[in-house]
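Each of the next two complexes has subunit A plus one other chain: subunit B in the first, subunit C in the second.
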Partner chain A sequence: MSQLEIGPILRALLRNKVGALLIALQMAVTMTIIVNAVFIITERAALMQRESGLDEDNTFYLTSTGFGANFESRRVISEDLDLIRNTPGVVDAVQINAIPISGGGWSMSLTTEPGDDVEDVGTANYLVDDHALTTLNANLIAGEPFTASEVRWRARNQPDWPDTAIITRALANSLFPDTPWQETVGKTIYIGDDEPVIIKGIIEKLQAPWIGWENLEHAMLSPERMDTVSARYLIRTEPGDLNTMMATLEATLSDRYPDRIIRDVTTLTDTRERSYRHHSAMIKILSLVMVLLVVITAMGIVGLASFNVNRRRKQIGTRRALGASKAAIIRYFLLENWLISTAGIALGVILTVGLNMALIEWFSVRPLDWYYLPAGIIVFWIIGQLAALGPALKAAKVPPAVATRTI
Partner chain B sequence: MFSYYLRLALQSLRRNPYLSSLMTLAIALGIGASMTTLTINYLMSSDPIPHKSKQLYYVQLDNWSPYSAAREPNDPPDQLTWRDATQLMSAAKAYRQSAMASSGAVIESGNPDIKPFLASLRLNFADFFPMFDAPFLYGNGWTSNDDDKRVPVIVLSKPINDRLFGGENSVGRYVTIENTQFRVTGVLDNWVLVPRFYDVTTDAFQSVEDVFIPFYFKQTLQLSNGGNTNCWKSPEGEGFEAFLQSECVNFQMWVELPTPADREEYFNYLNAYAEEQKALGRFPRPINNRLSDVMQWMENEKVVADDAQIMMWLAFLFLLVCLLNTVGLLLSKFSTRTSDIALRRAIGASRQAIFTQYILESALVGVLGGLFGLILANVGLIGIRSLYGDFISELATLDFTMISVAILLSILVSILAGSYPAWRACSVPPASQLKNQ
Partner chain C sequence: MLLMKNVQKSFRTELVETHALRDFNLQVKDGDFVSVTGPSGSGKTTFLNIAGLLETYTSGQYFLDGQDVSALTDRQRSRLRNEKIGFIFQSFNLIPDLNLYDNVDVPLRYRGFGTAERHQRITQSLERVGLANRMKHLPSQLSGGQQQRVAIARALAGEPRFLLADEPTGNLDSQMAQSVMALLKEINRQGTTIVMVTHDPELASQTARTVIVKDGRICSSDLPDPIPAVSNQ
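The block that comes next holds the complex of A and B.
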């Protein structure tokens, strides 16, 4: 009994083509969905792993909107910042124009030479003051931080930029691909075609506001406060003090001036959750679909295999009576399932690649990495064998005496 | 005969509870998944203004940089500059037209009990209200004369009228924005637009704004920019006016053109306008203007999210697996009944009768699966609502069309699944199985 009974199994399968075909097709389509779903899930999970650079667990922001003719925005902003920074429990705070990973912000294009026909690099712009690095949890890896004296006021709709900037390492690398980032400090870059700005420092990491943007790691800090009635403050607290600080500061700031509204008090954790919500939803939905699909397909295989066993009880009994061991019966059914699975998996590989190509064509999905296919093949062989094991064991229990009855 | 077959089918389903529930479950899951995703796609892509969607056009002009398109491959920006929006409005070449913008401002009611609050603003022209069939509870919109004379008038949404005036008819009363008294000319009734098609440049599934004021107050009150502001070059000079005169886009414009001839004429006008601007040294790119009707614009702006479509196609494949599963299970089930069938055939039942009976049994599984699937689809929609948060909640309900689709789909699927097994069953020759009993 050392050789496998592939010949008889194939001939038996040909007599029951439809049943085998159904299992094979079902495995093929299941594999197509699951391999593509796992791929999409892995991609999305990798996106969600990216870090903004901020101390997200201990950072929140709020907006102060003044109204009425007597509202002095510059005075209010300066006094607010002093108050917030001197509140025990606050590490540091800045006025900022946009919140990283929140979805809304400013961007500009930068060039290394003046002129509008030069290759440009897009960046997110954050308008902050000399307290930016501690508030943003940014690690300065080259150059100098901003000083209080270089922070200027930007009037409403004032279009020009300060002379200095701190940029992220990723932005330095994109602007000067041939120069090590340490040496880009002191170089001049041009913002909006022809306005020169000198790189004062490099920080290790800070993300842009748009998580779907290809230049997510490009950010530029400018030393300025904005003269605006609607000011946004980004506040970093001591670990564990976030909730108390949110409540305290909202109340204190609201009470301080009657002609303003404090609104949108939001944590960075909530912002991340909202920005990445559609990715996390996709992951959860696809995972559920995968589980259900595997269960349905496995139950289908079990159902059909049991039916095959029942139908062949007499044949099995006859084989047992003629001397086949239990192991031989089990091997027969497992091998039969393996042949069917393999045909299904072969078709599944083609369909998987086909669906992936369709998704690339119609939606922004990346091509599948090659190793997903061998992994899928192995997993589906195992699923097929596990589903067939129960019925095969049942078949092995058919007593040889069955052969002698009803003939 | 029908009730007899039905009784046989029920009996047969009860005989194999494991197989029957497995089949029902498979169909229910397939239907549930397909209906959940189909509903989301159907509602996301629904026509928000069916009787007029072919007469309303979104205007795009290409004022962008000579070196790169506003959007790849060669699309114009999705919004207009202040200059172009106001000049197209002054020309008034369409039957109805409204440029618009979004903003926000603090509203003071004059009533000391009501704290000032920040409201979302839409800046638009008088035509906006009749053009988009805005429903009024009290009063009306304002007039074109109010637009041109910059009369401070305001239309309130229902929630804001409730908040400021306790839901009373507030026409003729005043609210203060940026130290200016605005007279209420009308109050909107509940206005739910899914998607909020008149401005989809940010999130297409937001609710309509809190209040509406004439467009030119953007300039008068120097209101902040809502939505996205994109510039291909920095404004020349400083201040608010420099921004308005710049190549920065932040404004949308819709026109109503009742006939194809009107559309043609308006499109020619846009091209002539672009030529005129070229003569003034603007519009460095080749002429590339667009007029998109409502559904074209929704398509262009990808209002139906890619993820929703991917999920829908995966759900249909899921349904296919469930279908294959059911075919296999029915086949096994029916083949245990060969002796039964042979006996019935031998005593006179026709092939057709056998076929009908077994198809009916499959359809019964389908109806049960479909009903159960509808429950699952509702659970699925609740799940999607909780996963995606509020912004999609308007979408996530099953309506009558979707329920009918679900039932029809499940019956179709089960009949499709049952026809091969039923055909196999009715081709059992009479008496073939009788001999070894």
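The block that comes next holds the complex of A and C.
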């Protein structure tokens, strides 16, 4: 322990504090930004990993828009769905009013009692038929699926809702927090304040269209097809047949009726990429900032340590003459760097927590998980030591005979 | 104490080979006070560096306190320097950012002494050079003579077998030089062997023995000792 010159190094640093102080401050700021950035990146990456519930790799959608006074939307939609479902390579398909995680859709408020002064729960509404569960890859965990006979046609601007609905488990838990979700089947909920709907089934998972919504896991399926000239079909294909089916069905549907166009043929993968684009852009920008900051800080440490080695060549030679081994010289410079780093890291811990508190206040981010701080401390100790290692090795090469040179 | 036999030191560049020391034979016994003098470029400093294990030699034999140093590793040479040799440099070579106490402490830490023993040795050696009351001062707060006294205290603190002094009064005025010289003589009287490199004949004349080096060879040595035969052990 006596060879660890902590006291003399600290006293020497206090006499020449400007360079060390600047590096410690740089380290503190870098740690503050990087720890919070890593936390934000991890949070964003976790958001991006959330599953929509769909078989995204094998699902796409397209829009059929008819025109002309004689366009029979109900007939076209029914025949289109028959054609799509009977195409080899297609698992199943539905007409749907909104696409999960796409950013656009319908939402309603649900209550467990009628009335406008009852606390409500928001949900996304998907209007689908009896082929919804297979197409949406939805696992029915309680109750019954829709039957073909209960699917109705919904006219434009029709305000009322079907008598039954299938909801997600998360929505069931939110509506009936004190009741096991299995027991919510058969219960009546109210949509639009006072219109009763009976829960017919519970599905394990299906996300809403809005990835930033707090009720992302709340979804409700209603058994109805929309009588509209512009119908969107969600199509699930066999694994590996997605691209073929996209091309085939776009051409087939276009050819089938000359008085309509097929547009917006899009995969769920592209939809996810587009919806999470600002998250991935944020991750890329923060990662770049992190790399730049670490490089700049490491270069600062290398610069200061190299400057100290060059400035102290005579001193290093003298230490060697007085009995310092090469290892002792390396240890001296690494210890000096460690002390500077530790001062910077100590300040960095305070600033990191401060910045996190500010982010909580300004942007409602989550409080930093406790383990980010010890991880940050260890990582920055390692960065500091690695950056100082080169100059320390260079110092160890200073020959002891330098001590007797007059210049 | 110190025995060099046919020591050679040469530096080779692409075009020429320079002989800094050739057939250098010297024996220094325990308790000697030897001055090594000669003109600039004669090889005095090369001798001092080799004697102090600060650099290696090309051929020959060198025994320090009976130990053949030719095969030692860098770590072993560092250890031997620390334990057996005290250095006094022309420019004092004190560490400017450390106070006198910490400066004297430097070689003691490399020795691995505990805190209490280091404190005792530092205090005693600074008392010995008359600077115990200024141990918290920085070198820059002292005169040149006082700085050299601190360097001597640093050299003595480890109780080495011999001191190697490189122009110890070279940066001092005559009054301070005499004061430092008087201190060295006192240290020698107390039993420490001293080898002092100097170009000053006046200083050299004050030592018990003077060795004159010219062109890398000893050309004159008063009170010469016959060099015993040695063998590698």
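Quick note on the criterion: the second predicted complex is superposed on the first by the 402 of 407 C-alpha atoms of A that agree within 3 Å, B and C clash if a C-alpha of one lies under 4 Å from a C-alpha of the other, contacts with A are read in each partner's own complex, and residues count from 1 in each chain.
To be clear about the criterion, a contact is a pair of C-beta atoms (placed from the backbone, for glycine too) under 8 Å apart; a residue touches a chain by one contact, two chains touch by 3 or more.
Predicted, not measured: the structure shown is a model, and the values here were computed from it.
Of the two partner chains placed by superposition, only subunit B is touched by A:Arg311; subunit C is not. When the shared chain is aligned, subunit C comes close enough to touch A:Glu5, but subunit B does not.
When the shared chain is aligned, subunit C comes close enough to touch A:Ala401, but subunit B does not. Between subunit B and subunit C, B contacts the larger number of subunit A residues.
In the superposed model, A:Ser325 lies in contact with subunit C only, and not with subunit B. In the superposition on chain A, A:Arg15 makes contact with subunit C only, not with subunit B.
When the two structures are aligned on the shared chain, A:Arg85 is found in touch with neither subunit B nor subunit C.
Subunit A residues in contact with subunit B (one complex) as well as with subunit C (other complex) are 406. Residue ranges of subunit A in contact with subunit B, taken from their complex: 18-19, 22-23, 25-26, 29-30, 32-33, 36-37, 40, 65, 67-69, 116-117, 155-160, 192-193, 195, 230, 261, 263, 274, 277-278, 280-282, 284-286, 289, 292-293, 296-297, 299-300, 303-304, 306-307, 310-311, 355, 359, 362-365, 406.
The touching residues of subunit B, when paired with subunit A in their complex, are 19, 22, 25-26, 29, 33, 65, 67, 105-106, 108, 115-118, 178-179, 222, 224, 233-235, 237-240, 242-243, 305-307, 309-311, 314-315, 317-318, 320-322, 324-325, 327-329, 331-332, 335-336, 383-384, 387-389, 420, 436. Residues 2-3, 5, 7-8, 11-12, 15-16, 314-315, 318-328, 399-401, 403-404, 406 of subunit A touch subunit C in their complex.
Looking at the complex, you find that subunit C touches subunit A at residues 45, 48-49, 52-55, 74-75, 78-79, 81-83, 87, 89-91, 93, 95, 97-99, 102, 105-115, 118, 138, 154, 158, 166.
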